[in-house]
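First chain A sits with chain B, and in the next complex the same chain sits with chain C.
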Partner chain A sequence: MLSGIRRYLIRKTFVYVLTFFSAVTIDWLIPRLMPGNPISIMMSRFASLPEASKYMYSYFMESFGLDKPLWVQYINFWKAVLHGDLGISTYMYPKPVADIIKDALPYDIAILLPAITLSWIVGNWLGAIAGKNKKLDSFLMPVFYFLTASPYFWFAIVLAYILGAKLDLLPISGAYSYGIMPSLSLEFIVDFLKHWILPFLSLFLVMLGGWAIGMRNMIIYEVEADYVRYLEALGASEKTLMKHAFRNAILPQVTGLALQLGTMVAGALTTEIVFSYPGIGYILMQGILNQDYFLIQGCFLVIVISVLVANFIIDLLYAVIDPRVRFSFTEGE
Partner chain B sequence: MKSEKLRIALKNRKFKVGVAIIVFFALFALIGPLVTPFDQLGYYPVKLHKMLLLKRSTPNLPPMSHDVIYAPGREINVTHYLGTDSFGRDLYAQVVYGLRNSLIVGLIGGGIATFVGLTIGFLAGYRGGWTDEILMMITNIMLVIPTMALLIIIAAYMSTRGVIIESIIIGLTAWPWTARAIRAQTLSLKNREFVHLAKLAGLSDLKIIIGEILPNITSYVFMVFILQFGGAILAAIGLDFIGLGPTRGISLGIILQNAVLWNAINLGYWWWAIPPGLIIALFITGLYFVNIGLEEVFNPRLRRE
Partner chain C sequence: MRRILGLLLAVLIVSSLGGFAGYAQAEELPRNETLYVGGGLWSPPTNFNPLNPSPVTGTVGLLYETLFTYDPLKDQLKPWLAEEGKWINDNTYEVKLREDLKWQDGKPLTAEDVKFTFEIARKHKGVFFSNIWSWLKEVKVVDDRTVDFVFSDPHYTEWNYWLYMIPIIPKHIWEKIDNPVDYANNENPVGSGMYKLYKTDQMRCIWVRNDNWWGIKYFGKPAPKYIVYVIVYSNNVALTMLVKGDLDWSNFFIPGVPDVKSKYKIVTWYDKPPYHLSANLALLFLNDNKTPFNNPDFRRAIAYAINPKEIAQRASQNQVLPADPSGLLPLPSHQKIKAEDLIKKYGWSYDPEKANEILDKLGYKDVNGDGFREYPDGKPMRFTIIVPYGWTDWMEMARIISDQLAAVGIRVDPKFPDFGKYWDDITKGTFDMAINNFGSFISITPWTFYNWILDPNVAPTGEPTYGGNWGRYKNPEVAELLTEIARTKTLEEAKPLYRKLQEIWLKEVPYIPLIYNGAWYEASPAHWTNWPSEKNPYAYPITWHNYWQLGGALVLLKIKPVTAGGGATTPAKTTESAKGSTTPSPTSKDKGLCGPAALVALSLVPIVLYRRRR
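And now, the complex of A and B:
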């Protein structure tokens, strides 16, 4: 049994290591592939600061090592990445990119983790209800589809406009008020939560639509399946029927979680911009607007690695809840 | 058989509603620009000798406002159907040209993604063996790397970007799930008798794939294209919103980015921040409706009416 899981995980890990390798290579390759000279654009920011300009120039030459052969540049890039050195931000000079990202990442986790897990749970629950109740379905289904069709950040704009600007219920900018210093005081926590609600809620609602639709369709399929018909013929209660249908329907939803992660993270990036919420998305846009290429590259790597890690956790989870995974990988022995 | 399916489709309410929404917005994007004197950025172009002056209106006008534009020697009365932004630019013109660009990105980007996904899925599924292993390895890697992150890093290093380039890079990053789905379909078809028969007849792989396998999954391919179409539009609007859209011209994402950057939400200018996204959300809901309608047509188990 256990060796089945192990073989499944070894296979998955292999794909993930290869993906990480590709991501770092893309991160290295794209700037060298594209026409134009990003370094001269970045250097132009320091035209009025000769001291910084000199330092940055030597830094670029050293880290990019543009005078060295390509394969040396490539190996140096790997060395830097593995040491957690993502370069220096030109926009927030002289702050290292790794530090900026380290400060931003907790905010992403704070809105993404609850939004994903809660939307998954509530969405599956609502989808199952819609799947078995035709009347409710005809009303709920268009709502689910509209939610999932909305661009994340646009839905955030709508909520910010109605709940923030019009009704003045919640703050719509930043992670906490200007006058307050981050601490573990009750005042700060309440303030933080108030700022957290809208970014969380807009992600939660858009994600919810997708999960509900997936679950609804699966339930409709499962309810028609032979095993449910058989149970029905045996006189099982509707509750028992639904329990079995739900159990089978939930598995593809776990796979869906892995497939949708990238889109959901992208949704969070844009949502943060709407609320000036200081996560990776907000930082990334600052980087783009100010042509801070190290910052953009650093954000790319961190986003990819986070999604990889999350995918790995979901794979682990899947192996635990779906017995077929264990069996299919033990078969060969 | 074909007409039978069409008859069922035309009876399906979701399908009809979806088609109505899509046709409405497609016509809007096609005809809409004809009824506005403003250019795609919302300026009023005035010809003066050989120069082209770009005139603005009063900033922050709500929808259906009338305004006067002062050109040398004359006064022009204009109506702003969707109001103006904080720079006095007409929003109706921006939205309608932006929608046009969104649909172009959807068609080209979605088309490329579907085509690449089809090709890779067919090859991997039909050939099997090493071809399959390698193609699926690439697909799985691409599937885990978030498309948006990939788009960002590519677009960020392009100094000039147009709508077509944007469509192409979106199309070239969005194909992996399609490749996987088409591969699965091909696997289930390739051991059927008619395929074996075609092989015995000495047809080439390409001819078998196009002549024998493809016709069996056209409806499926069409539904994949609809999803890719919507996906490309959503990817583009997100990319434009974070500042990596077309460097010249307008898009719905750029309008929304401007709205957020210039504080339209706080200032209560809803006509700037809400309509561009609402149009996209409705349009994509329409696409989904066509898709579920078709699914119900081809898969009677899903029918609920």
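And now, the complex of A and C:
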């Protein structure tokens, strides 16, 4: 069995390295295929005399190494990446890309990690209930469909309008009050949580619908499966039936969760915009609009890595939670 | 297992709450001493380098200062760091600095610092004013307070512009920095200005008053102790904050302002349309290199077909003024040179009949009867007009223009590419029609406007150009006039040249002025008063980068808090209640904690119950 797993791991690792290499290469190439160039756009944000812009254009082209042929840029890029250097952003010049990500990402994680995991837990739970209870199902399904079909920004705006503007219960902009200094005081934490609720809720509820529908469908499918029928015929309790159905139904949901967690580092763009909440999503979008090669590269590098890591963890996890996968390694021996 | 986990969690929460309670109270900026501003900051603040093209707004004006400031309302160059400046001979400009200037670290600001600021631009081409050295010869320190600028080819007119644009930096700090161009300067930057950088984070930039500012004895003390410059991504949020009194001074374009202005007593410059002063000119650019736009008569026909009034009304809710054919801004520096008689003689106004007449005469007729004109040789004629995606007011302008031109039989499709593509198309001159305004900002001399829009050093089509002559209009006479104007000493000397320029502009119609974009300004009277307006026009109220020295800084010197002084008991109470929901005051602390906690607890109940039952 061990050698089976080792072979499996070696094969997987090889695939992952290959995927990483090509994904990062594509992320490097695509922005460069877009018309326009980052330095020119950088100049556009600076209203000055034509003569002055001309001087700066050539200076920045050279200092960012964009005057070199593409293949040289490509080699330099890998050299820098392997040294842990993601370069300097043109959009947020002269801030290093690594610092931009480091400063913005915690806000996304603070919103997205709880939203994804809690919605996954609650969604699976509600979906499972709906799957086995017809009466509840007919009531819950429309709610799930409503939630999952709502665009994030629309739902966010509705929440902000009702809870923020009309009822004036919760603040609608920023991660904390504009007049408070971050500190480890109770006051600040409460303030932070107040600002956190609406963006969290807007993501949590929309995601919830999707998870619940997925789970409900899987449960209905599993409950009809032969093994459940067999158990039923044996006179097993409903609890045992559901336990086995649930275990099978949860597998695709685990994959979904891991992928969601992997793409978490791309931020929650619409939520960030609606609530003026800090995070990487808005910055990445601006980076793309400003053709900030370095910021785009850096962000996607992090996204690629985290998606791959998440996938790798699922692969390992599957061997644990799905006996069939485990069995397939030992089968040949 | 689950029970143990739950217990652990509970212990953790309780102990951490206890721990936090032991800490000091959160630092909260006192509302009656804090000014909340927005509209000029669109990404987390990172760059406070005044030598850079686009540092965080306030870097120049609050932190670093210029020798002079410029007041666009009175069209005056006013001494700031300088006490006076004058030409002592044909190619030497002498600046006398004020007495007792000092940096925020207490060191004196001297002529050496001024010299150093210019020298750094000579060495480093990435500094935004380094091109000056193609006509500046040397900077001489005469004594501690006197500097002479010796020019090889003095551009008298252009020099006035740079006098209020170049921030002076401290030599004793910047001489130690290897590459001053990509230095972010975000850790305790030392300037000479009325504010110091206090703190930055992902959503704001906070400035704190420099109580040892050299200027207090000349200008008085700015009223707000703190300035919180906020990042807000959406106009709706900005409007909500403004009406709630959470945002004191807004430089956003906010579509709903005319509707809510009177209800919430929001201050704008004018009480009636257009509400705002003008800041720059948006034009319709035509690609003068392409047929049929290379024909001035065709361009004139388009000018006749366009109705700027309708554009101002439909695209911008009348928050802007329609432009007249000269395109000169309704501010004194431009109005001084405007030749009304030439506009009457060679100008145009909305008249589709006239447009039809010209087009018919040129031979562009609708041959196949589809409602649109064809080229004289019968080929179909179809153009696009480009505007960056997401710039909603401009997108609406493009649609209106498309409609207006359709009415005279010219088919124009509005297209909204991403900004990068748009910028690529206009800088390389591969577009048909486009809307743009980037370099048409108000300045001390209309020369900057003409030099931008008619830039004679334009690159050939396909290569990026840097001025605003996107359509590559070429005219050797214009090139000559522009070089001459840059070198005129007085306005009187320049006036006949400007007349010639305007005559060419009106006769040739290189581009078509549409609207005067506003200097968006909305202020809330909830916490600060004495805001500038038409009735109290003491300053141009804009806080964008490079506008502080045009008036933004003066506003800080003149506004007054609604509740005077900190500490006093009665005013403190009113601020407390006025704080609204965004800042939890100590009294509402318990309630604030219980609300969300109760919510979380309630939502947990069903989960717990369900688990039990199982």
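The definition used in the following text is that the second predicted complex is superposed on the first by the 261 of 333 C-alpha atoms of A that agree within 3 Å, B and C clash if a C-alpha of one lies under 4 Å from a C-alpha of the other, contacts with A are read in each partner's own complex, and residues count from 1 in each chain.
The rule we apply is simple: a residue touches a chain if its C-beta (ideal position, glycine included) is under 8 Å from a C-beta of that chain, and two chains touch if they have at least 3 such contacts.
Given the structure is predicted, the values throughout are model-derived calculations rather than measurements.
Once the two complexes are laid over each other on the shared chain, residue contacts for A:Ala104 go to chain C alone; chain B is not touched. In the superposition on chain A, contact is made by A:Leu289 with both chain B and chain C.
When both complexes are overlaid on chain A, the residue A:Met34 reaches chain B and chain C alike. Touch criterion met: A:Ile273 reaches chain B and chain C at once. In the superposition on chain A, A:Ser185 makes contact with chain C only, not with chain B. Legend: residue contacts after superposition of the two complexes on their common chain; A:Ala165 is shown touching both chain B and chain C. Look at A:Val307: by the touch rule set out above, it reaches chain B but stays clear of chain C.
In the superposition on chain A, A:Glu51 contacts chain C only, with no contact to chain B. Once the two complexes are laid over each other on the shared chain, residue contacts for A:Arg7 go to neither chain B nor chain C.
Residue overlap on chain A between the chain B contacts of one complex and the chain C contacts of the other covers 34-36, 164-165, 172-173, 273-274, 289. Those residues of chain A lying in contact with chain B across their complex are 15-16, 18-19, 22-23, 26-27, 30-31, 33-36, 38, 134, 137, 142, 145-146, 148-155, 157-158, 160-161, 164-166, 172-173, 217, 220-221, 224, 259, 261-263, 265-267, 269-270, 273-274, 281, 284-285, 288-289, 293, 296-297, 299-300, 303-304, 307-308, 311. Considering their complex, residues 137, 140-141, 143-150, 152-154, 156-159, 177, 230, 234, 237-238, 241-244, 256, 259-260, 265-268, 270, 273-274, 276-278, 280-285, 287-289, 292, 301-302, 304 of chain B touch chain A. Of all residues in chain C, only 17, 20-21, 23-29, 31, 34, 36, 42-44, 46-47, 49, 52-54, 124-126, 128-131, 134, 158, 161, 181-184, 199, 201-204, 228, 230-234, 237, 240-241, 246, 418-421, 423-425, 427, 438-439, 441, 448, 451-452, 455, 457, 464-468, 546, 580-584, 586, 589, 592-593, 595-596, 599, 607, 610, 614 touch chain A in the complex they form. Looking at the complex, you find that chain A touches chain C at residues 34-37, 40-60, 63, 88, 91-95, 100, 103-104, 107, 122, 125, 164-165, 168-175, 177-191, 193-194, 197, 239, 272-276, 278-279, 282-283, 286, 289-291.
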